[in-house]
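What follows is chain A paired twice: with chain B in the first complex and chain C in the second.
Moving on, here comes the complex of A and B:
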């Protein structure tokens, strides 16, 4: 190998190594972890948002485009949830007011997707989400599409019905609800995390329930600055 | 002639250094594996008391989660005392046995030598009794230890089933 060629190959390999290392650092949101107060970094560049098509609370199509070109806070809810979901939405409404008051660079859209498409029709969600904030977007639609998103976000839910003796019976994922389920009522055990989604549809972080509003706002700002 | 040999040697040294660096990164990113030792603790309920585990003659740990009971969706103060570990990082996550689902992990901060603390919670809304593992994961160089502590969260009363439920606006 000639001296010149050897030199060029060395420089090229060195540049590739440096580029690879730098690229990895830039995309490694986990390096923000020590500075984050409440957020958990969930970024996985290998995971791509699946194609979905649902309905917003005005019965308009809500699909992948609904998460494009702006930041979103996305959470899964159901309107018959006795405590956690309304508390979580109320906290997110306070967070939004706080970010607006602080004139934050980014005020994320809030997307509340129901686990429970059977009872939470767009009409039901319209009344429900507007109670917390007029700009919140409630999303319902085909349960299979919802389940696909639940899986993508790493969330989980299971339905619990009550038998004639009021004993809880947990249904498996594909078990159908009994015919009288709506009449008798059922609850849903579920994970409770709010996800920060970037304008290109990547889940960057999750906020466990019981948020401290100020900490959450600071974490959002930090992640947005490093995007 | 001497100048040409010197130039060749310089280039060879540069090329070798680049090659070693590239191989190092390639190994780090593609081949390096962390050997995990898994210890399941079955004689201590972490929701009821602190739990201590001896790993070997030199290493032991104690974990304490408050408040007792480990109620889902309530913030917990989690303390770990590690003795004899050269710690890179320590994590804890909660794994639901019935639901076969891992909740995202919390990373501990070192507050003093061998004493680690984090705040965490079981981000799962349920009214049923459930069984869980609290998995404490300690990373130290190319080794890691996953120490799993069992616990149970308790059933709450059945709520009214009519809804939707909304808080009263203030």
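Moving on, here comes the complex of A and C:
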């Protein structure tokens, strides 16, 4: 009888410890929020990065291992984007220079995954992404794998074509592009958050666009210190 | 004494004349002015050599008492040139093609990253940093303005970048 009671007590204690531990992990990052200028904590220990396999801009495999053992700043882009994506990439390049200048403890790898694998082949990305910083890594590959990551990160995109009357038509996710889409061109409306990924592949925070570089650098340092 | 006075008077008149002449023919390199519309700080964001589209930005001042519209832009060496506006719709960045850009009477329109911009699509060759590209802009009041947009890096974030 007392053994049974002991067993129950042990289980309860164990559950409490587990609950505390889990809460504590969450708390560690969420509790940073008042000190963060621009970053939004996204950490969810229950949400594991899906298994993916893509190609980097040298056509080498870029999979989950590409986000392991170092910090990463990850963003989604497309090269036909004349405004938002170059602004984001230029800002992240400035942020990286700033972190280097400040001799920050961590200089994250920058991973730019295309929304638009059809037009943004690894070769295209190599020339494009290197313009902003030679160390940036452009990632393309199977669109389904990309879409899976887009969803996981909470990003979103939609393709817009122009019909014969020059009116914009927003395509649904699985709608095929018309045959003349490449020739006529299409644009992509998309979210523009940059994500901070820890060396164990957890998405810790997101930075909305229009970030102040110094604030962003401070936020990254703070999160890294509390990792 | 009289000679001295004459010289001073002559110098004074000459200098007034010179100032007036200067005012009548303002030569400001970056300002394109037909008195009705003033365009300043026109620039193209430097882009990768394979960039499929480039952003053109500037500040347009309408010095008239009528609302005007920028209806088109033209330059050689691009497949298409469109007027666009980036709109942040709950975090979704939408690029919306515009038929025109409105500049209110005595008002201004700032074309800048993340906002109104002219999209230069399908360049034959992406211009290099520092190059100046001649662009002609057509307005609905019948006037055409020529600007020489310089290719440079964006400085959008520098504005928000507090340095104190």
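A few notes on this one:
Operating definition for what follows: the second predicted complex is superposed on the first by the 201 of 227 C-alpha atoms of A that agree within 3 Å, B and C clash if a C-alpha of one lies under 4 Å from a C-alpha of the other, contacts with A are read in each partner's own complex, and residues count from 1 in each chain.
FYI, contacts are C-beta pairs under 8 Å (C-beta built on N, C-alpha and C of every residue); 3 or more make two chains touch, one makes a residue touch a chain.
Note that the coordinates shown come from a computational prediction; the quantities given were computed from them, not determined experimentally.
After superposition onto chain A, the modelled positions of chain B and chain C overlap sterically. In the overlay built on the shared chain, the residue A:59 is in contact with neither chain B nor chain C. In the overlay built on the shared chain, the residue A:6 is in contact with chain B alone; chain C does not reach it. Of the two partner chains placed around the shared chain by superposition, chain B and chain C are both touched by A:191.
In the superposed model, A:82 makes contact with both chain B and chain C. In the superposed pair of complexes, A:226 makes contact with neither chain B nor chain C. Chain A is touched at more residues by one of its partners, and among chain B and chain C that partner is B.
Once the two complexes are overlaid on the shared chain, A:35 sits clear of chain B and of chain C alike. Once chain A of one complex is fitted onto chain A of the other, the partner contacts of A:214 are limited to chain C, with no touch recorded for chain B.
Legend: residue contacts after superposition of the two complexes on their common chain; A:94 is shown touching chain C, with no touch to chain B.
The interface of chain A with chain B overlaps its interface with chain C at residues 79-84, 86-87, 90, 119, 124, 127-128, 131-132, 156, 162, 166, 168, 185, 187, 189-193, 208-210.
Put simply, chain A touches chain C in their complex at residues 79-84, 86-87, 90-91, 94, 119, 124, 127-132, 156, 162, 166, 168, 185, 187, 189-193, 208-214. Within the complex, the chain A residues that touch chain B are 3, 6-7, 9-10, 13-14, 16-17, 20-21, 24, 33, 40, 42, 79-87, 90, 119, 124, 127-128, 131-132, 154, 156, 158, 160, 162, 166, 168, 170, 184-187, 189-193, 206, 208-210. Those residues of chain B lying in contact with chain A across their complex are 4, 7-8, 11-12, 14-15, 18-19, 21-22, 25, 29, 73-75, 96, 98-99, 101, 103-107, 120-121, 123-128, 155, 158-167, 169.
On the side of chain C, the complex with chain A involves touching residues 45, 47-55, 80, 84, 86, 88, 91-97, 113-114, 117, 119-121, 153-154, 156-157, 160-162.
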